[in-house]
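The block underneath contains the structure these notes are about, expressed in structure tokens.
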Amino acid sequence: MLVTTWKTRIRYAETDQMGYCYYGNYPVFFEMGRVEALRSIGIRYRDLEEQGVMLPVAHLEISYKKPVRYDEEITIETTIPEYPSGTRLPFDYKIFNESGELTTTGRAVLVFALTESGRPCAAPAGVLEALKPHFM
Amino acid sequence: MLVTTWKTRIRYAETDQMGYCYYGNYPVFFEMGRVEALRSIGIRYRDLEEQGVMLPVAHLEISYKKPVRYDEEITIETTIPEYPSGTRLPFDYKIFNESGELTTTGRAVLVFALTESGRPCAAPAGVLEALKPHFM
Amino acid sequence: MLVTTWKTRIRYAETDQMGYCYYGNYPVFFEMGRVEALRSIGIRYRDLEEQGVMLPVAHLEISYKKPVRYDEEITIETTIPEYPSGTRLPFDYKIFNESGELTTTGRAVLVFALTESGRPCAAPAGVLEALKPHFM
Amino acid sequence: MLVTTWKTRIRYAETDQMGYCYYGNYPVFFEMGRVEALRSIGIRYRDLEEQGVMLPVAHLEISYKKPVRYDEEITIETTIPEYPSGTRLPFDYKIFNESGELTTTGRAVLVFALTESGRPCAAPAGVLEALKPHFM
């Protein structure tokens, strides 16, 4: 299991007229979480793309438990719960507010795919190697 | 059951460097779908807010089956599958591309809440009345 | 001179906690305006890109005179003020609210550039031909 | 003169299909720059709003010199060039890429306004006091 955290501050652009962070921004927070999770084990997503592999999202789920507000610094906890066996890579998310309260949970399932054809493919060897130490 | 459709065209702003519509834009499409679904039965979301009731999203689920691309006109099909019995109002979504292919499915569960306190509340009488003819 | 109009409705996603349409959304409205201006004379921006020419923005200017709010339908008036003589294509914008009041003015100067190198280039012949009748 | 810097990394959500950071994201970067500039002298924008003063943008100007790309860490240099004398507060911006090259310049002019009426007002005493040491 790989667990990493990343912090970001809610931008004014991300609020809505309810005074909350708009619900459609959470996929962006999740994206930041997984990019930094991969970076923590030495994988830059942009390198993957340059090698001809992309990682589109196949499935997304979000539970909104508490709103977060403008200027709050949130902590995005990203977990890779299992070693990827096929073409899929799931990420689990928890978002905490400044008081440490759990505000949001979610899951995004990504698919390894060839940039040229868009077809699903196996996880690149480099990704598997980087992940292995965390699943033993 | 209430089923409505709404069309929108993918903006350049909504693409990403994969050349796809970024996965984080779909919650915005869903929002457009439900606002127009409510408008079709005479309810303006902004009037609800002025009456002190808001509708934050409690749960969101999206399955991405096919990418959509820049400048494609998508059709957002929004369904209210059941008459609201408590504080929740679910919406089901299907998004079709210009060729009529199903690209995305999803569900958003909204909660009626008092603007002042943020507390869940029953659906306003006006909403129930407007929905009733579609569930008989 | 080519003048076209396009309508769009302010999305909840586009509001901020002041209750206004966030100032950073106007470049997106301008983009919609110019894409539809070009479409009105038979040019699809996506075809340009497929032919190896892109149109990045070099300069942007916006004056915010009046806020627009959630669910308002705005009218984006887009003007190509002059026939392009070099590598640049300017667009002037006026945004009106539902009452016909001028809320925003702006200008975006775009540059024809080769997709491969990113280098500025002359306007494609097809674009010039489509524009010509409007500048005589 | 007050000069501060802030760093942020280009998100995938912020790219477009040209592979660049979409031009409409720069107003958001500018917003981050000025919020952190104010924070550096002890002013939280959210406190201003709670005190009944907001700061909408009246004018914006951006020159795009070089594109920035996905995953690049940009440095936003924010300058308050002059001590505010009336109701306006201008901010100048320079954005640098990871190699230290100037990619973007801009200016945003904000207006102090009363939240209740939306009317322009003088800069709050607290803001003037916090700025004063930087303009002597």
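A, B, C and D are the chain letters, set down in written order, and residue numbers restart from 1 in every chain.
Heads up, the rule we're going with is that a residue touches a chain if its C-beta (ideal position, glycine included) is under 8 Å from a C-beta of that chain, and two chains touch if they have at least 3 such contacts.
Everything numeric here is computed off the predicted structure, so don't read it as measured data.
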Of C-D and B-C, pair with higher C-beta contact tally: C-D
Furthest chain, CA centroid comparison against subunit C: A
Separation of mean Cα positions, subunit D and subunit B [Å, integer]: 33
Centroid spacing, where centroids are CA-atom means, of subunit B and subunit C in whole angstrom: 28
Euclidean distance of C-alpha centroids - subunit C vs subunit D, Å: 24
In subunit D, residues with contacts to at least two other chains: 12-13, 17-18, 24, 27-28, 31, 70
Residues of subunit C defined as touching subunit A within the complex: 12-13, 15-19, 22, 24, 70
For the subunit C and subunit D complex, residues of the former touching the latter: 17-18, 20, 23-25, 27-28, 31, 49, 54, 56-64, 67, 115, 118
Subunit B - residues contacting subunit C, complex: 11-13, 27-28, 31-32, 35, 44-46, 70-71
